[in-house]
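Following: one structure in structure tokens, then a few remarks.
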Amino acid sequence: MLIEKVKSAGIAHNSYFIGSNNEAAVIDPRRDCDVYLDIARANNMRITHIFETHRNEDYVIGSQELASLSGAEIYHGAQLDFAYGRSAFHGDEFRIGELELTVIETPGHTEESLSVVAREKPGSEPLMVFTGDALLAGDAGRTDFYGPDNRTRMSTLLYESIFEKILPLGDGVIVCPAHGAGSVCGTNIADREYTTIGFEKTANPLLGMTRDEFIRAKSTEHHYYPPYFRKMEELNKNGAPRLRHLPEPMALSAADVEQLRSGIVQMIDIRSVTGFAGAHIPGSLSLPREILPVYAGWLIRYEDPIVLIDDYNHGLHEIVSALIRLGYDNVIGYLANGFPAWFRSGGAIASVGLLDAVGAHEKIRSGSPFILDVRAIEAWETVGHIPGARHVYLGELPDRIAEIPAAGEIIVYCDAGFKGNAAASLLEKAGHDHVWNLLGGMGAWQQAGFSVEQ
Amino acid sequence: MLIEKVKSAGIAHNSYFIGSNNEAAVIDPRRDCDVYLDIARANNMRITHIFETHRNEDYVIGSQELASLSGAEIYHGAQLDFAYGRSAFHGDEFRIGELELTVIETPGHTEESLSVVAREKPGSEPLMVFTGDALLAGDAGRTDFYGPDNRTRMSTLLYESIFEKILPLGDGVIVCPAHGAGSVCGTNIADREYTTIGFEKTANPLLGMTRDEFIRAKSTEHHYYPPYFRKMEELNKNGAPRLRHLPEPMALSAADVEQLRSGIVQMIDIRSVTGFAGAHIPGSLSLPREILPVYAGWLIRYEDPIVLIDDYNHGLHEIVSALIRLGYDNVIGYLANGFPAWFRSGGAIASVGLLDAVGAHEKIRSGSPFILDVRAIEAWETVGHIPGARHVYLGELPDRIAEIPAAGEIIVYCDAGFKGNAAASLLEKAGHDHVWNLLGGMGAWQQAGFSVEQ
Amino acid sequence: MLIEKVKSAGIAHNSYFIGSNNEAAVIDPRRDCDVYLDIARANNMRITHIFETHRNEDYVIGSQELASLSGAEIYHGAQLDFAYGRSAFHGDEFRIGELELTVIETPGHTEESLSVVAREKPGSEPLMVFTGDALLAGDAGRTDFYGPDNRTRMSTLLYESIFEKILPLGDGVIVCPAHGAGSVCGTNIADREYTTIGFEKTANPLLGMTRDEFIRAKSTEHHYYPPYFRKMEELNKNGAPRLRHLPEPMALSAADVEQLRSGIVQMIDIRSVTGFAGAHIPGSLSLPREILPVYAGWLIRYEDPIVLIDDYNHGLHEIVSALIRLGYDNVIGYLANGFPAWFRSGGAIASVGLLDAVGAHEKIRSGSPFILDVRAIEAWETVGHIPGARHVYLGELPDRIAEIPAAGEIIVYCDAGFKGNAAASLLEKAGHDHVWNLLGGMGAWQQAGFSVEQ
Amino acid sequence: MLIEKVKSAGIAHNSYFIGSNNEAAVIDPRRDCDVYLDIARANNMRITHIFETHRNEDYVIGSQELASLSGAEIYHGAQLDFAYGRSAFHGDEFRIGELELTVIETPGHTEESLSVVAREKPGSEPLMVFTGDALLAGDAGRTDFYGPDNRTRMSTLLYESIFEKILPLGDGVIVCPAHGAGSVCGTNIADREYTTIGFEKTANPLLGMTRDEFIRAKSTEHHYYPPYFRKMEELNKNGAPRLRHLPEPMALSAADVEQLRSGIVQMIDIRSVTGFAGAHIPGSLSLPREILPVYAGWLIRYEDPIVLIDDYNHGLHEIVSALIRLGYDNVIGYLANGFPAWFRSGGAIASVGLLDAVGAHEKIRSGSPFILDVRAIEAWETVGHIPGARHVYLGELPDRIAEIPAAGEIIVYCDAGFKGNAAASLLEKAGHDHVWNLLGGMGAWQQAGFSVEQ
């Protein structure tokens, strides 16, 4: 028996490869799917089944990509009219070598959500359960996708799926969810690598609630809904274009980039916060690697080509992969030899001022900058904010940029400094001249002991 | 939180890397320990603690090697007088980043055996337990190391360790044992990658027994005790020589090998069963990769140099690693360009006849070969044997070779054909001319429907 | 400036990546072309030009594959009507970063052959020349592709290309040919990794000849023309199907293989000579890795699916790559877990007897086996043969198998034992029962001092 | 025959692996020598000989390290009293498989310099020559190591070595020098990957000179002599400490670093120029990866521990390797999780202002900053400088820091911006508050068309 978790960083997505003898199944494959073929080959297995736990909205699923390369059949929930694959119903059983996989329908996060229970052999006790976005470590899936009118209904469905179908499988069953800590699919996901039903019962606050408490909690959670979700849902229902080979972005000289930057090209600077702040190509958008997968869907357009700016172009394929997982197949090039090529060629630069907490405090005290908080609203509400700050969530900043005063100094801040840099680059692009970013964000501010407003 | 299982194939040994924030512990590290440094570096962690669950007897532990490279402290059970490291006692607590590791003493397999319980933070519920050779998936550790007089005592200790200390941790706790399926440390280890206390309660036959049944079962199990165990115990108590760098065997030409083979050098042919059977250097020992780690300790001497014979010398470092894990630091060379270099240079060859079940049956029917069964005695007893066969376990064959008639045809067989080949090579070396190996072994014989004697 | 040689083992093919600043050209790319994209990416270069030195006949060129992934333009000689790419003429100049590449037409091997001269900058002295199959290390290209009537004409063209266009570039110019030692495109190619015009003048016997000697030598050389050459010529003129992703062969269980082997599937056993000889699936063809790329084109059919049999399935992708380079896109599967899976499942086996020289000599002396020599005719003629042997070249054996007597023992031999094994497997398939292969071949025979007939 | 060039970036050092059959020699191995063992193993070769072309002064040679792992013998020139290895004399011949290597003494760069000529077999024409620092592509070795009084003598020796011993080998001979473009061992080394004697005759300006011109040119070249050269000479004469395993720096938390930075620890920030400029730990030294190997020897102390600061700690082992090649075995740790860990923990930051040419010009025009040029003196002399600038070479800045005015704004510049950043960090450490670095350096200045003073 072989079980491997394949993690896609950034979106904190987990997919699973489970095999026995010479057969294997993949749960929720990602689109850059060579990783599963590699595992299959290394273990002399043939991927025969692909299960989608639900129509995902935060990334493009790779089922069709993998099916076309491996010959596997795709199965997903029957409650949605997918344009490909087969419907699996509650109780359906599948043999993978000696293993038995059984489908249980676990709606709530979405209508058609299902979970897959693995047994070592037909009829034996359950060993693992792949819960998709139903039960997560320390959390459970969002229930807000069908609008306010359906939240109670979906939350109720989720309660029943978890408490009546998953938990009864037994305390010793290992839980394999589709997301880990950091996903936009849950706010409180714990970072334990492995968990069990028994452990979740003690550690997952939702599992200690009554039915009513659970439904109320899930119905009133706040979640952002990034604009790219709509596109993901579309692609995942109807099938994304086949890739077969990762896009190969072109090496662009500084002169090429200089020429492109006046056009529609989106220049995405993936360098560190400090690298961008020190100097960057005027007009580029700061999306450091750390936050790129989470904020691309808010800030990058699908219709215009993308050019990447990095320091050393190291691991650029990972960035391209991260983007194609979100449906961005339009990375056309990258600045060859990295940002140094730009300044070696004498290119013009812009900078963002960085402040530590003491510096920011001093600037606030001595001047009267506009203070912009771009964190998620939950942080604003639970942690509090710098006195005098105004809140606009980073994801919504492009649409609300007019709310920022056109003149004067601006101090932007977020949790740690990454989103603040992205915001600073948006502001710069919108013509704001004197933008500072509080490096370390609210964390540094609190650490320094400065006052916080609730 | 990071948890990674590092498996050493062949000896089916599991070690574990567990970390949080920038700190990490390693449980039962192997001697070629760069793998842990690589994980540490990739995750920006410092290995601060090394735990030995017990003084191992089936491989050389790498604690000191890893400690010398990482600066970590070594901890092991207090009931044995180790020449290095520190004693850990029941209830000792250690912080690894946010994690808490707690030692519980779980004797039975050995006197000083301990288990390590992991909690996400101090005081929270147990999440995982590293059980060493106490509780295994589907099995429990051997209790025969202290001689027949102590079997009941040790089995009783093991019962108490498992039933009174490990199982009470809770059904949802993930179990991380030191061995997987295929280890010489347990006969019935299941091949599930992950398991839990809850699952073991349903699936591990030993856990369904009463106290008396358990003690009786463990006290009467049969286990082989390979001669190298003594050396492992010695090295693991007193500390093995530091490696720092894997031995780098010399490329030897066919002429070099021809010259060496008259001396004390042990020529170990690691090629496939069929490759060795087709042709080999007269006098070489057949230990295909598949069984090398398990039978090296029976058939290879520590005091004489080793030369490896392979087809393509692919992955030779893995073989060298497998051997240094057993304390064989004496691989001095390998036949450069593989076995083809031997026959290209006109070297003399010997062969072993291979038979399928039909061929073996025909040969037995038509002649009267000596039939030699070299399987473990359990297989002889439980599965039965080919009518007329004589049993000598492969590991004991060198000492009992005089029991084999000097003249006439010999058919040797085992479970699948690997051990049979090793036996054939031992017989050839002892001067037996007409040795056949039943390819597919007892499995093929049964599949063909030929009669089996109990 | 960056220059990298990419070697494809087996067919001994060299392609070259040459770049400067952010631009690069590839000379004669192979079909599995990710290697060039990897080099380009690692060096921040964009592949802008692809040069084909000629329409190759021994492998499928990857120009279109690479062009479709990189956006590069393809250039080849104007004297052939290619269905894709552009014509390059003598004197055409191309800029690659600071480099200048100049085309010189160097027909002889084929009508449209060209060479590419590299200079560090426009107008500087030539530094390197990519000679395709015109000038090789120690040899020059074959001139027999246009039939006997054209050999003198083609040899004359080749003489003029080499002596009047390449050699005058200067002694210090580095020569980068399209083939290394072992290629079917030349009999005497030397194995020096790098060479120069100056060095070739002293070491290449053809360059010491007069015009007449050269033309006579090249016109009278013997070369085999494997049947697959015709297909390669077709594909290379009109363009091969796009791959984008290597075919992913299916893991097949022993039961699957058992079922397939009665059909049209070609079972190709790529294990070592001795592995196949020891035991193999009856009816499989022995093509050890060492000779697969050279003899596949003689012995494997394009129209029927291929299943691979290996020991450990290690590096199977390299085998698939080697085959797609020859246009075999029809590898559908491989025996999962290798040959041991076959015998573990109780599958029937066949064997080939292996003899060393002493054994073969004894068998010939004591019996009267049919002795079959399957080497290239040049070896038969220049080295001599075992007294009493009959010559049938391995490549022609399938068509001439009726020439081998149906009954009685057969000893087959070749140069070292590889081709002999392939022949033995063909004979077995044709119903010959008692086939022996002389391991070490003629080399071992000579080494042992046995008599050779001229 | 196998020949592989192993390049060590940064110091632009070339070493070579040359082998035949199962034997190999390594020329000028580096200290992190697994790369040679890997090549040897992959090609089934035994390294039997190590040649040092001379006692190097710019890096620690790995001969003894490699010898201790491979069993090879070390050979070097007889004109220096090495504490290890054997002396090789002019005309000494060595067999490596079929190859013949011949030593020719080629003093000039150092007294004991030798070159190694490779022939395919004894008595054949020379194919390659390993010239050490005698003949380089486009240049020849420095002759200033024995002081002013010996420059003419050493230059004369070098002339004779090149013109009377190397060039006569023949135009077609491939030249394999010990350094490529970027080395401190030559100012004008060309970046061609491969070269030949014939090509150098046309392209290397020194080879077109008369004896007198050559001697005059070499005797009057300017070279810097970094302080670490003395240590390299010492280690290379007497043998460096054995490593066996790369040092494994510890993961340090931000709190650890905060604690260490008040002590003797040297905090080396290897991030990009812009990353350091944006924000850095006050008191750290900016040595971006691009210039670390070249300036470490000027700016890092051997006696105090080193802590590395990076963005993502990617490829940290390469940095550790680069440092141990210079004898820095004292890297004790690195900031775990990179610079973001620093600001996430609320650490204080400092910044360096970056200016593009327009920005620098404006600042100079509008204020009166002190302008500091830290380039090599050759650049100052040949390219010219920004009007009003003062020249202090970066390497000499620590000793001459008192020459910089204590108050007021400083604009520092170099060729492209890297050395300028290092200088800015030195100035900051010395208490200068208002330091700007011209990003793009003199190149950007010229590109912008601003005036240059000669």
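Annotations for the structure displayed:
As written, the chains take the letters A, B, C and D, and residue 1 is the first residue of each chain.
To be clear about the criterion, a contact is a pair of C-beta atoms (placed from the backbone, for glycine too) under 8 Å apart; a residue touches a chain by one contact, two chains touch by 3 or more.
This is a predicted model, so every value here is computed, not measured.
A count of C-beta contacts for the chain pairs A-C and B-C puts B-C on top. Comparing the contact residues of chain C and chain D by number shows a mostly shared set, over half of all numbers used being common to the two copies. We define each chain's centre as the mean of its Cα atoms; on that basis chain B and chain C are separated by 43 Å. Taking each chain's centre as the average of its CA atoms, chain A and chain C sit 48 Å apart.
Under the contact definition stated at the top, the residues of chain C that touch 2 or more other chains are 338.
Those residues of chain C that touch chain A in the complex are listed here as 21-22, 37, 40-41, 44-46, 69-71, 244-245, 248, 250-253, 313, 316-317, 336-338. Those residues of chain B whose C-beta lies close enough to touch chain C in the complex are 271-280, 289-290, 311-312, 314-315, 338-340, 343-349, 351-354, 356-359, 416-417, 439-440, 443-444, 447-448. Of all residues in chain D, those touching chain C in their complex are 1-3, 120, 124-125, 127-128, 170-174, 190-203.
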